[in-house]
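Common to both upcoming complexes is chain A, partnered first by chain B, then by chain C.
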Partner chain A sequence: MKNNWPLWEVFIRSRQGLNHKHVGSLHAADADMAIENARDVYTRRSEGVSIWVVPSEQITASNPDQKDELFDPAEDKVYRHPTFYDLPDGITHM
Partner chain B sequence: MKKFEYVLRLADSPLILGQRLCEWCGHGPILEQDIALSNIALDLLGLSRNLFQYAAELKGGNVTEDDLAFTRQEREYQNFLICEQENGHWGKTLLRQFFFDVYQYYFLHALKNSSDERLAAIALKSIKEVTYHMRYSSEWVIRLGDGTTESHGKMLDALEALWPFTGELTQFDELDLEMEKIGVIKNLAQIPSQWTNKVIEILGMATLPIPEKGWMQKGGKSGVHTEAMGFILAEMQYMQRAYPGAKW
Partner chain C sequence: MDIKSLQDRFQEKVDAEIKIEPRDWMPDDYRKTLIRQISQHAHSEIVGMLPEGNWITRAPSLRRKLGLLAKVQDEAGHGLYLYSACETLGVERDDLFQQLNSGKAKYSSIFNYPTVTWADIGTVGWLVDGAAIMNQVPLCRCSYGPYARAMVRVCKEESFHQRQGFEILLTLSKGTEDQKAMLQDAVNRWWWPALMMFGPNDADSPHTARSMNWKIKRFTNDELRQKFVDVCVAQAEILNVTLPDPDLKFNEETGHYDFGAIDWDEFWAVVKGNGPCNKQRLVARNKAHDEGAWVREAAIAFAEKKKQREMAVAS
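The block that comes next holds the complex of A and B.
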């Protein structure tokens, strides 16, 4: 629809969460309305305590056609995973 | 018994307005706003339910919240006339909501100081909700009033249609004053100026004119309704009338 309101991507931080997570998108005329709409659409079951909205058009995405060259080379480099360390007890959120 | 009547009256306005708003469910101009308005409708029904439960307790006997909400006659409902007015277009619905929200916001702030602990608790719980409702409806009034030529014109029409129903929000009758005397509600006298100031502020931002003081409709608080009321009750009461005592 030509006259549709712009699309916004919504990120919610849950009560226990440390970071905002992408939860979906919605239409709104501007940023303020996007926050209100996000509140009504995505937090009505107490999902979150903080909301971010970003105009969808501001997001630059990787090209699905390039996924082989972008992501496959990492697959056989197991040494990049820090799985060989023992974490001290005092360290959380890892 | 006077307190029963009073609590029942407090329950009626959010019930009828909530019922009205439910008509938008599935018909909102856009998914997000459809959900937003349904949320508000449910908040209002939740508030009225708390009040009906309390009223039923005050009445005693076998009376239930459902009896009070669904089986009274039209003249026994004492909601504000503005709550029963037809939805009209989106702008009219939101302007009606705005006028009511502003009243409800200041009224609940007065009610939270009630000497009646139950009413104070109910008010306190609803204040957060109505604070959001008022923000939401204010935003829409501003956007549409200060929007396009078409939206501005529609808001002018809505303002003309609804304004005569706003007087009742801030006119207090004997029952109100009696309740104030025994501390069930406090500082009623503040509400008219608080309501007027907020409405002037938002209508100003919406570039809508403040209507002159003129003749005002009244009657809802004493059970004398407009023709719109019968249609709401017909729909709202149908199930309980067709299947008395039906439960989920």
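The block that comes next holds the complex of A and C.
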């Protein structure tokens, strides 16, 4: 019988001060079990201090085909970077 | 965009070492090859627990038992990383289990050999995990992102496996005459099957060129096998064991060790299901799966009940 537990995406904070980072996925019947399984699957060697689990079907991802329209506009905006601006030699603390 | 341009763009990315991610366009055969390879790899980790689990209750000391338990637990973890990577290609976990349990899917043939003595556990760690590491390290640079990332995790953990195996053998090598004989016997039985783990010779491996072009594979079977033989010779000396190959000798010209011909008839017999333990492994897998069915169903029922209760409280 087909009885797939739902799929969960797992995010781990490796230590205080860092972002949670996606590490993979796993199957679990509910959120509590997903956390317990994530502990056993993804943190057997102290890889984490905090776990997030999110039902995979709840994630909305951008479409790779729309990569250009989403991200190209940022590419010609060099004036958003500090090196775009000319400063005289010798200026410090800037 | 027509298929030819999509294919060209895909190959340009691969050539430029840009990783392919799950939602990117990829050729059907690339997807199929990866699903087959990653699922076989996952199955191998899962079946690989069986020959070693066989010795957990009989490990000769607490130190050995802890190491072996942790190793077998890692194999389960590796199987799960890999199934998870495989599912990003659009297959379902249940279907993968079904393929394994029905005998339709292949797994590494090495796990169809029995672990008859404690020295086998050490030898599996040294030679089988050693060969696996040789295969797996280049997979960390595989063109498919989720597989490459899973392999980084696996490789980090795998080195402990090999070292715990080598330590077992090193202890035996300093033991009684019986222990030394047990060590030599295990090496005699595992050496050739370990060399077979790299797969058929390049001339008989029709998909190698395509997989290398797609950067799924980085080295050919024979290249990896040669590297493995080269590193094992010195390690065998430390253990004071003879590798069971009268043709094994250093070749000054090539800078590598020459070795004897592999018995490919044995290899194909085991692949086709006629190894010493093929049937036993499948029976054990199916038993574990079937006997766990009520747990999977109960967990779903419990989750459902909890959800209903929470909804009742909320309304």
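Operating definition for what follows: the second predicted complex is superposed on the first by the 76 of 94 C-alpha atoms of A that agree within 3 Å, B and C clash if a C-alpha of one lies under 4 Å from a C-alpha of the other, contacts with A are read in each partner's own complex, and residues count from 1 in each chain.
Everything below uses one rule, namely that contacts are C-beta pairs under 8 Å (C-beta built on N, C-alpha and C of every residue); 3 or more make two chains touch, one makes a residue touch a chain.
Since the model is a prediction, treat every value here as computed from it, not as a measurement.
With the two structures aligned on chain A, chain B clashes with chain C. When the shared chain is aligned, chain C comes close enough to touch A:S25, but chain B does not. By the document's definition of touching, of the two partners only chain C reaches A:A61; chain B does not. When the two complexes are overlaid on their common chain A, residue A:M33 makes contact with chain B and with chain C alike.
Contact with chain C, but none with chain B, is seen for A:R45 once the two complexes are overlaid on the shared chain. Within the superposed three-chain model, A:W5 lies in touch with chain B and with chain C [touch as defined at top]. Of the two partner chains placed around the shared chain by superposition, neither chain B nor chain C is touched by A:S14. Superposing the two complexes on chain A places one of the chain C stretches 93-101, 129-137, 147-155 or 165-173 into chain B: stretch 165-173.
5, 26-27, 29, 33, 40-41, 44 are the residues of chain A that lie in the contact sets of both chain B and chain C, per the superposition on chain A. Those residues of chain C that touch chain A in the shared complex are 21, 23-25, 73-74, 77, 80-81, 84-85, 87-88, 92-94, 146, 149-150, 157, 293, 296-297, 299-300, 302-303, 306-307. Residue ranges of chain A in contact with chain C, taken from their complex: 1-5, 7, 24-27, 29-30, 33, 40-41, 44-45, 61, 63-65.
Those residues of chain B that touch chain A in the complex are listed here as 30-33, 35-36, 39, 132, 135-136, 139, 143.
By the touch criterion given at the top, residues 5, 26-29, 32-33, 36-37, 39-41, 44 of chain A touch chain B in their complex.
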